[in-house]
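Every chain is named by a letter (A, B, C, D, E and F) in the order it is written, and numbering of its residues begins at 1.
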Amino acid sequence: MSGGGEAGVLVQALPYIRQYRGRVIVVKYGGASMINEGLKAQVIQDIVLMHYVGIRVVLVHGGGPEIDALLRRLGKESRFVRGLRYTDGETMEAVQMVLCGKLNKDITALIENSGGRAVGLCGIDGATLKARRLQDEGGEDLGFVGEIEEVDTALLDALLDRGVIPVLSSVALGLGEDAGRSLNVNADTAAAKLAAALKAEKLLLMTDVKGILRDLADPGSLIHTVTLAGLEALKEQGVLSRGMIPKADCCALALAGGVKKAHIIDGREPHSLIVELFTDRGAGTMVSLN
Amino acid sequence: MSGGGEAGVLVQALPYIRQYRGRVIVVKYGGASMINEGLKAQVIQDIVLMHYVGIRVVLVHGGGPEIDALLRRLGKESRFVRGLRYTDGETMEAVQMVLCGKLNKDITALIENSGGRAVGLCGIDGATLKARRLQDEGGEDLGFVGEIEEVDTALLDALLDRGVIPVLSSVALGLGEDAGRSLNVNADTAAAKLAAALKAEKLLLMTDVKGILRDLADPGSLIHTVTLAGLEALKEQGVLSRGMIPKADCCALALAGGVKKAHIIDGREPHSLIVELFTDRGAGTMVSLN
Amino acid sequence: MSGGGEAGVLVQALPYIRQYRGRVIVVKYGGASMINEGLKAQVIQDIVLMHYVGIRVVLVHGGGPEIDALLRRLGKESRFVRGLRYTDGETMEAVQMVLCGKLNKDITALIENSGGRAVGLCGIDGATLKARRLQDEGGEDLGFVGEIEEVDTALLDALLDRGVIPVLSSVALGLGEDAGRSLNVNADTAAAKLAAALKAEKLLLMTDVKGILRDLADPGSLIHTVTLAGLEALKEQGVLSRGMIPKADCCALALAGGVKKAHIIDGREPHSLIVELFTDRGAGTMVSLN
Amino acid sequence: MSGGGEAGVLVQALPYIRQYRGRVIVVKYGGASMINEGLKAQVIQDIVLMHYVGIRVVLVHGGGPEIDALLRRLGKESRFVRGLRYTDGETMEAVQMVLCGKLNKDITALIENSGGRAVGLCGIDGATLKARRLQDEGGEDLGFVGEIEEVDTALLDALLDRGVIPVLSSVALGLGEDAGRSLNVNADTAAAKLAAALKAEKLLLMTDVKGILRDLADPGSLIHTVTLAGLEALKEQGVLSRGMIPKADCCALALAGGVKKAHIIDGREPHSLIVELFTDRGAGTMVSLN
Amino acid sequence: MSGGGEAGVLVQALPYIRQYRGRVIVVKYGGASMINEGLKAQVIQDIVLMHYVGIRVVLVHGGGPEIDALLRRLGKESRFVRGLRYTDGETMEAVQMVLCGKLNKDITALIENSGGRAVGLCGIDGATLKARRLQDEGGEDLGFVGEIEEVDTALLDALLDRGVIPVLSSVALGLGEDAGRSLNVNADTAAAKLAAALKAEKLLLMTDVKGILRDLADPGSLIHTVTLAGLEALKEQGVLSRGMIPKADCCALALAGGVKKAHIIDGREPHSLIVELFTDRGAGTMVSLN
Amino acid sequence: MSGGGEAGVLVQALPYIRQYRGRVIVVKYGGASMINEGLKAQVIQDIVLMHYVGIRVVLVHGGGPEIDALLRRLGKESRFVRGLRYTDGETMEAVQMVLCGKLNKDITALIENSGGRAVGLCGIDGATLKARRLQDEGGEDLGFVGEIEEVDTALLDALLDRGVIPVLSSVALGLGEDAGRSLNVNADTAAAKLAAALKAEKLLLMTDVKGILRDLADPGSLIHTVTLAGLEALKEQGVLSRGMIPKADCCALALAGGVKKAHIIDGREPHSLIVELFTDRGAGTMVSLN
């Protein structure tokens, strides 16, 4: 590529950088891009670049597959309540070890190693996320699974002000009967609630699909932009796949909380974050209020 | 106890509070007080009280027994190099999960629940501790075990300035061939090096012994205070037990780095931190420069 | 007392410290505890301890007996208007000399000597208290006696932010015809108005009685807590003694101004401030809004 | 006077204002200008004007005549040690009442009333001045008379930063055997030591003489400027009057401590401070290092 | 003049200084005082004195005569649209060179040389003034002439906070079709809009007339003060001269925007700014809301 | 170009961004890139991009050709002293009008319009550059031409801290006989002295040549990097062209003043600043200390 060409790409990013600098963008990191080493390295580079151009990046991650792997290695058998896994004390311990101990610190180390300044946290730290035990619809206990009731962004704001990238795993501080204990919370929902509390410009949900497709069988049917009302209509029309519905709900939750745009992007694409943010092409499906 | 009596106790703490407020005290937490639930609750209370009277508390912890337990559950067999456990990748993963995931966040949750503001970290966060792979004396590799080479207190200072208690587990960010990876470091040494870098007033090493005994068989032979030179002499005279020698070396390391006093205290005693800091009786053995 | 016992007392103070740290507590200091040397030393210790655990303490004092003593020594005869002493220029000079010169600076010196940082002020300094000459009900002049009309907390806030304990005597800057002169104001009222302006958590009025007694002859009839409405009822029922009525009115004034709780405590008891604040027993009568 | 004329005067002050703004000037206030009501009003105006043009003004005052008057009214007889008054407890109490209670707060009220922001202090407040009991040359005790050993300008700096004029009376916090008590210190010396500690641009000593006269009988023999060496020579030649010697020593003390210029000015002249600072004529005698 | 006399003048300025210190005063500089070297030197002195006594001064200037002179030298002929000069590209270039290049920097240099700290700016800098191309009433284009639509005081506030005097020429950053270009704006209007945006205490318009005269032929008919309503009445009654009407409109614009007082003063008088601000006589006509 | 391609370019810039963010880079803007509209637009984009990725950019410019054009239009004939143009008053006025009025504000407007925040200044503003009249070697006067003697970066530092890009033209505030007047200074030297005073990471001199060529006739003989000693050698060997010698001297001046690297780059190349800073290819000749 010619020098002018390289410089041209950088310069074409200018209007996007201008739009996002100084703003908060929450990235929900997960799926293939968290497992494939090549994609992982690219996500880290993208995050550091976002940070360098002045975006206040917050990274939220879960880690289902790694939790399952540890439970298997521990010979732990799962009990299910209406299809949902019951999280007993031992399972919760495994969740916490994998999310807060392994994945969170590994991501933090990679960012530090790529020239960013990162701090690995979970919702317990600084009481950032407080949750109450979730009641199953049938009133049955699901164990140490929580629903986020309070978000305190003081610690995150202070770290962002200092030029630090907070990396947050989806474990919250319990309320009520679980005071002083940890509860497992849904990472997508945590990202959406944090984005709302931080008055984020954008929520980027990294998934393993192209975005919202009008026809699942046709990748060409990707819906590039949709309003909140349009999303609701798609849901009612049955266009959304079963896996897409919770993602769509997260977007709705973030937008209702004041986030400007929510994006469902394809984490399997190289540098999907940068492509979405800094090029004219964008990536996946963007949901906006209207 | 009469009201005057209670008030009297509080008032007798005044000169100690005056001496320590605004100063950094690093507590190495470990041993029985980390396992026994009653003692653990007392340590948390003590830490919060120290925090309330204006001490800048930093808590450093390891967690050997819990690591062993997990390795056993995972059916992991250990290889030994001249008596030291070889830390392969799988072992390191277990170390990180237990220290950074389980123990660190559990302690943080307890402090938050007791009215303190805490953030659970390891040496990776903010690149607080950077380590290089430790060479065995025989030149043989010990795996992912590191020796701390750089301490950056910027993140800890910022958190302390904001009235937060940093809780730190003994995992460091690798240097050289281990760049971007995590290394296991000794928690006592980490505490001593952090105390020196933070220009701490005191390093408190919580142990499972009374302190330094002149005669191991006689609890009455406790040495209450000793100088660095005196400690060296005791070591040469063979008075120090094999377990005590690394603790003594840590005290020496901290004092050489500018820490005012280092204490070996008995974590099995109720409220040993408060007794040491705020009562005339003190606890265990105090090592000072001269 | 055993070490655990001492530590236990300190730890039992934790919930109270948590509740009060960072909050303003205004102490009206007066009566026996200002004359008896032993009690005085205890009050100073209590104030310094409150300061050490993070309470923003403001000390307000009067000094009637000392003023009387100086007037007697000066051979000054008093004129009375409907039972109230007429404060002529010479009397006002004596008031100012005793309050601002003797008592205020002596208290400040004692706090400085006990490890606190204190600054002795009166309402003139920084125009903290501005007063207008009080009209006798019969319309007769009472001399240089003022009623507080304006409270400016800027100086106190700045000193509290710097970790200083303001010690304030009850002399105000005159308004209107007394512009540029000093006026004598009631110390209880000054404390209540300051507490309101500072949005204090508590006003503690140190008196020479047990608190509000349902039966003056029976110390066992102490009313531990009462609402503002209840206090009004007690006043109407004639339960309040003549000396208690102005104290009760001060409590009402403070609560109406937004102070959370007002306490009438017995300054003759050892460490009455600490007992009230940091033990389960409390002391005297607490008045709350409802 | 014509408008241009008035404006001309203001404009002629420009180079002086430029020179002094942002600098500390310590004024030792005393003598006739503290007793005569007209002169007192002018001093207050001058101080406020200095403050308005950005000078960091510190006012230090004594008050000998008023102390004598109170002692007389109290029927207190004085004991003398080699010609110096012995300051017993009762005398010290009178000193403190007059200086810290009466004069200090009256000056503060006048400044507040003239549009300045002032805070009345003594050396006890914020432990600004710490003194040790002065030994008589003959080794005999002089009572509660102190020599300043430590100056802490933290409180004054903070007040000056906030645009406040500190007004300081010459009472210090005792050291050693007098810890927690107050000691009487010389106001001229206090002003000189404060000026040095504050790195003042100027020390202005207000006196009741024209300045240093070469011939006491001839007002035309006023020495306008003299170096420190020249002053020493005048002293050796016996030109300095007995009353002038301590003033000259104070100037020397200030200059030795780093103050740029020390002035002996005639407080009996109208607006002597402003004339000295802002007009070409100057006033009295200026002492400079060389 | 006697020393007391000089000091007296300074002291008489005290109440005015008290009133204006810390407040913003916008001075529109123009007319004879910008051409006559003696008057120019006086304006600079006045500005620096205002600055020294704590006024936040902002200087706005135009420069019609100098622009005309340059256009003449360049042999540039002017085209007129309904009596208004058409500002083509070449003319705009000359306007910008004279205002931003010559006059603005010359004034800045003079203030710097007189002991003030100044920064020369125009509306482009920090996007302080944004303007849209002005439409002639007849809909005909006037060229690069703009009407101010947006005022951003962030840069001016920051400079004033740092003790800098901003000197601003009447060139604005274009909006719409003129984005990235400069537009010529009316300096009186710019001063009025800036005064409103800065919530100024006063707007001082320096002119070449005595103020508003009831009878143009009679200098004794000067109207010293007038309300906004009164000004409107004068306009309707035809009392205002053709040259005075835009000045009066500027005063109305400023007052409507929240400025306390607007003054039309005679820049041909010596030290007219100081006479107006700091003496009892005042100068010219003061317009107030009511 | 594919999305991954675009993202790849952005990511390849990461190590360079990491290296420069938070550092000062001084760009001397001039030559063809200041005249050609297309190149000018690219320079503005490059400057804004540098600003967005956290570089503290300072732009210094001259403007010889535009000054010549104005002088020609004004019919001004030039007098020469030993080959150097004599800068009389009229010429200096033209210099100031073109540099400070036209070019400086035009550049500032373009940056503001491209999303950067800029302030157009010259050395007079905030007394950033103070100069003394330059003596011709033959002792003959060159008129208003100055040599920079003092650099005060306070204003630039404050603006950079606020996220503003200072744009500075090469006019300085006179010293000595020229106090209060402006002097023309060499823009290359101004840039070098500013870079040194600002402790810049880099000085980038934009020129109309490829860089330093070993053989002027062979563009392939470009010297990519050279040490200060090497540069001196090239000068002695006569390799440097007459036009290159002052550029080389500027580089030497900057390096001697502590600047890390000085670059001579080809402003005729598209996006030459970005190519130099953010791509592996670099541009022109880099001079380093060793």
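Just so it is clear, a contact is a pair of C-beta atoms (placed from the backbone, for glycine too) under 8 Å apart; a residue touches a chain by one contact, two chains touch by 3 or more.
Bear in mind that the values here come from a model prediction, so they are computed numbers and not experimental data.
J.: Would you mind naming the chains that touch chain A and likewise touch chain C?
T.: Intersection of chain A and chain C contact lists gives B.
J.: Among all other chains, pick the one whose mean CA position is farthest from the mean CA position of chain E.
T.: B
J.: I want to confirm something about chain B and chain C. Since they are copies of the same sequence, is their interface symmetric in residue numbering (over half shared, so same) or not (under half, so different)?
T.: Shared-number fraction above one half, so same.
J.: Rotation angle, chain B onto chain D: superpose the C-alpha atoms of these two copies and give the value as a multiple of 5 degrees.
T.: To map chain B onto chain D, rotate by about 120 degrees.
J.: Centre to centre, by mean C-alpha position, how many angstrom separate chain D and chain F?
T.: A distance of 55 Å separates the two centres.
J.: Per the centroid of Cα atoms for each chain, what is the distance between chain C and chain D, given in Å?
T.: Result: the chain centres lie 35 Å from each other.
J.: Quick one: report the Å distance separating chain A from chain F, using the average Cα coordinate of each chain.
T.: 45
J.: Tell me, which residues of chain C touch at least two other chains?
T.: Residues 114.
J.: Draw the chains as dots and join the ones that touch; what shape do you get: line, ring, star, complete or other?
T.: Ring.
J.: Which residues of chain A touch chain B in the complex?
T.: Against chain B, the touching part of chain A is residues 70, 73-74, 93, 96-102, 104-106, 108-110, 112-114, 117-122, 124-127, 155, 158, 162, 164, 171, 173-174, 179-182.
J.: Chain F touches which residues of chain A in the complex?
T.: 1, 3-15, 17-18, 21, 42, 45-46, 48-49, 52-54, 114-115, 269-271, 274-275, 278-279, 281, 283
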